[in-house]
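Naming follows writing order (A, B and C), and every chain is counted from residue 1.
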Amino acid sequence: MTDLLISTLTQGLIYALISFGVYITYSILDFPDLGVDGTFPLGAAVTAVLLTRGVDPWLTLVAAVAVGALAGLFTGVVHVCLRVRNLLAGIITMTALFSINLQIAGSNLTVDRGTDTIFTSAPVMALLGDMTLMGRKLVVSLVLAVVIKLLLDLYFKTKSGLLLRAVGDNADLVTTLAKDRGAVKILGLVISNALVALAGCIVCHEQRSFSATMGTGQLVYGLAAVIIGVSLMNFYAASPAARGLRKIRGLRVLASPAGTTAVILGSVLYKLCIQVALSAGLPANMMKLVTAMLFLLVLVLSGRKGEAIIHA
Amino acid sequence: MLEVRNITKIYHPGTVTEQRLFENFSLTVEQGQFVSIVGSNGSGKTSLLNIICGSIPIEGGEVLVGGKPITKMKDYRRYATMGRVYQNPAAGTCPNLTMLENLSLADNKGRPFGLGRGINRKRVDFYREQLRALDLGLEDKLDVKMGALSGGQRQAVALLMATMTPLEFLILDEHTAALDPKTAEIIMRLTNQVIREKHLTAMMVTHNLRHAVEYGDRMLMMNRGHIVLDRSGAEKAATSVDDILQQFNALSLDSGT
Amino acid sequence: MKKLFSLTAALLALSLTLTACGKQEQTTTPDDGSSGDAAQTEPYLIGISQYGEHASLDNCRIGLLQGLEQAGLVEGVDFEIDYQNAGFDDAIATQIAQGFSAEDVDLMVGIATNSAVACYAAAEDKNIPVIFTAITDPVQAKLDSGNVTGTSDKLPVEAQLDLIRQMQPNASTIGIIYTTSEPNSVSTIAEYQEKAPEYGFTIDAVGVTSQAEVTQAVDTLISHGVACLSNLTDNNVVGVLPAILEKTNEAGIPVYGSEIEQVKIGCVASAGLDYVQLGIQTGLMAAKVLTGEATCEDLPYETISEYQIYINSQELDAMGIAVPEALADKAMEATAAE
């Protein structure tokens, strides 16, 4: 039981990186970026190739972020400069990446057990060598998710971060600030896709494999996690408990958690729901239906439709 | 000096709904002039503002600032020297950012938006002082999200934001139309004050004939893409609201509205 | 800052508890994973992860259970099965495999590559043995060494080429549709291209990236004037076999299958695999690993030792192809093969 909880938690934390990306594009920029379904395997493809060539596992993270950023740049340029609608721009990137991913990896690619991943790399073994692999996976993904969450929180408070939030909130205002809203959108897509590719990279480390179809449905996954997390957080923020905490000086931060915290929570909860459904013996073919219902339930219960949740 | 020269604006060109709004339309606004513009719906007054700001394309003619054409300049670049307040109070601020974040954004206009802290704590006192001057009780609400404020309060902050950094032109697009009469008066008074203090060149479209008469150095009345009345100086000072109302009604009858 | 501090504290506490429970686990898990003690009282627990619902894959599973029973193991007494299906979703396959690991199953069985790879990744920690089946190229999937073994459904390409040559003595070009992202298909195509000249054929291979592109690929091949089509075990292609046959029947081009199920659906013939047989072979291997008779390391992966010629007389008649006598004796009628 503990094992299952640990591995599900690990999955939730790793996939939270996708949700961070979706949080930026969909929640902040109001841009449903289907390119995610291509960027996620892109990160995995690059990682699988580099790992099999014996590149240091930690360097693959950097490489994945870089290629993800490029993919985001492409979607952004297609949308902003070539004036292609956001949904279509994402679809173009996704479609193109399918071929590119296969070009990079050759075909579905497996990394053999002898090759070091971040979970078995020297620095991790030095720190956490006493733990089981499963334990290391959890700690490393937790650290990654938390570090990225904190970096994002910091970024959202910078001038650039404020401007990014402003573009999603009121793009006309950004124009009157003499800033090119298109450039800001591209920046958002770059950051978002970099994160999604990083998620693909970590999944590749964890699964020791890249598969061309692994990206299917990842945008939907990310959306579900964001919406579940953010709406639950709204419930909480309106609850008496949160109101009580808000009155106590030192505990005020606990009363209104950041959106990024909500996103991690949503991702973990989502994976837990899937695991519960699997453990209960629900056929995998029904899983997407369960996802859709869960999605709908959260939307209805939270009493708000898409837009409102998003900008909470 | 702000100038539009021989501009042509056609909506939906080449379709059955094609509508020619401006043909060879020209207007010159002198440095430091405060122009109020009235006119019925469809007269072209908001289109004129949009053309000056580069929000909509034109089919012919030039827009010039200080004698230099800016027709090909992207909209966001034009705003380097312009500020704009819209009719919708929600349009001038970011509803999901706090007032402090909104003011900080506006305060940074003209400088790079890099990885420095978004909020400059040293400026908070300055913001408070500015807000106190509005006399709307906003100085204690810096951490409140803009969306939670009333329309009048948002519009006051929008005005403050639009004029926070040095600028030359202020574009006001029916910015009091969505407010209750009392708040509209307050905002109008603030607007006049800031235009005079900062010696701005301003163009204000309004539905309120009394505002058009009371404020500004020059008044234009537009109808179907033409200026039908243009008064400034002593002539404008002598113009009464009734006078304008009569003219306005005559036009409305003309155009059948 | 406070936030950061509390998070770090929580992280620290969590990792401490994890270290504790991690250590505990290590002492209770036998190092070699394959429990070799003969006096097994509790039934073995086998986790079967199948990539999706698919006739061939189902046959593998059915055969696997038969194989286990042939080895003298009785379900419910000697072993219990936890069967899960991933619905062709990689992320679900991962969660299924991790579920098996958490249950401490004695053996994981992965049916089809993606499920087998996910099982092997999840089994790494506890070194649980993994048996795979329905993988064409275990070497490419890196499942050829370590605590893993199984059976490959590598197609008897030469037998198939020989079969086509006997059925259609004058044929020159064989058309094949395959999924470009499927390594099994890619490697089989390579083998086809290498062996085809020996039998006087050229191969016209058209790649697709999804099932939706398959019918278009059929049109392309028909327009190229191929003498026949030969199928691989490519899921995208096999999944729309009836639609393919509709087009080829109209054009009068015979389609050769790669296993019995395809011949039942309407392919003229196949020198192919019986997946139930493959499953039985896998089940026998699984039994050896379970009972400790052998470890995965002792057992190299196996390809199917025998292939069978299946024919569909009705379809052959419709195409006007007569079965040569040399084949007629060996061939089995696919509909009768049940």
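Quick notes on this one:
Following the convention adopted for this analysis, contacts are C-beta pairs under 8 Å (C-beta built on N, C-alpha and C of every residue); 3 or more make two chains touch, one makes a residue touch a chain.
On a predicted model such as this, the values are computed, not experimentally measured, just so you know.
Common neighbours of chain B and chain C, by the contact definition above: A.
Ranked by number of C-beta pairs in contact, the top chain pair is A-C. Among the remaining chains, B is positioned farthest from chain A, on the basis of C-alpha centroids. The most central chain, judged by the distance from its Cα centroid to the centroid of all protein Cα atoms shown, is A. Centre-to-centre spacing of chain B and chain C amounts to 69 Å, using the average Cα coordinate of each chain. Separating the centre of chain A from that of chain B, both taken as means of CA atoms, is a distance of 41 Å.
With centres taken as mean Cα positions, chain C sits 32 Å from chain A. Among all residues of chain A, none touch two or more other chains. Interface of chain A with chain C (complex): residues 1-4, 6-8, 11, 15, 98-99, 102, 107-108, 110-113, 128, 130-135, 138-139, 142-143, 146, 150, 206-209, 211-214, 216-217, 221, 250, 253, 271, 274-275, 278-279, 283-285, 287-288. Here chain A touches chain B in the complex through residues 155, 157-163, 165-166, 169-170, 172-181, 311, going by the rule given at the top.
The part of chain C that touches chain A in the complex is made up of residues 2-4, 7, 11, 14-15, 18-19, 21-23, 25-26, 52-53, 84-92, 94-96, 98-99, 101-104, 113-114, 117-118, 120-122, 124-126, 140-143, 145-146, 180-183, 186, 209. Residues of chain B that touch chain A in their complex: 74-77, 79-80, 82-84, 86, 90-97, 101, 104-106, 108-110, 112-119, 162.
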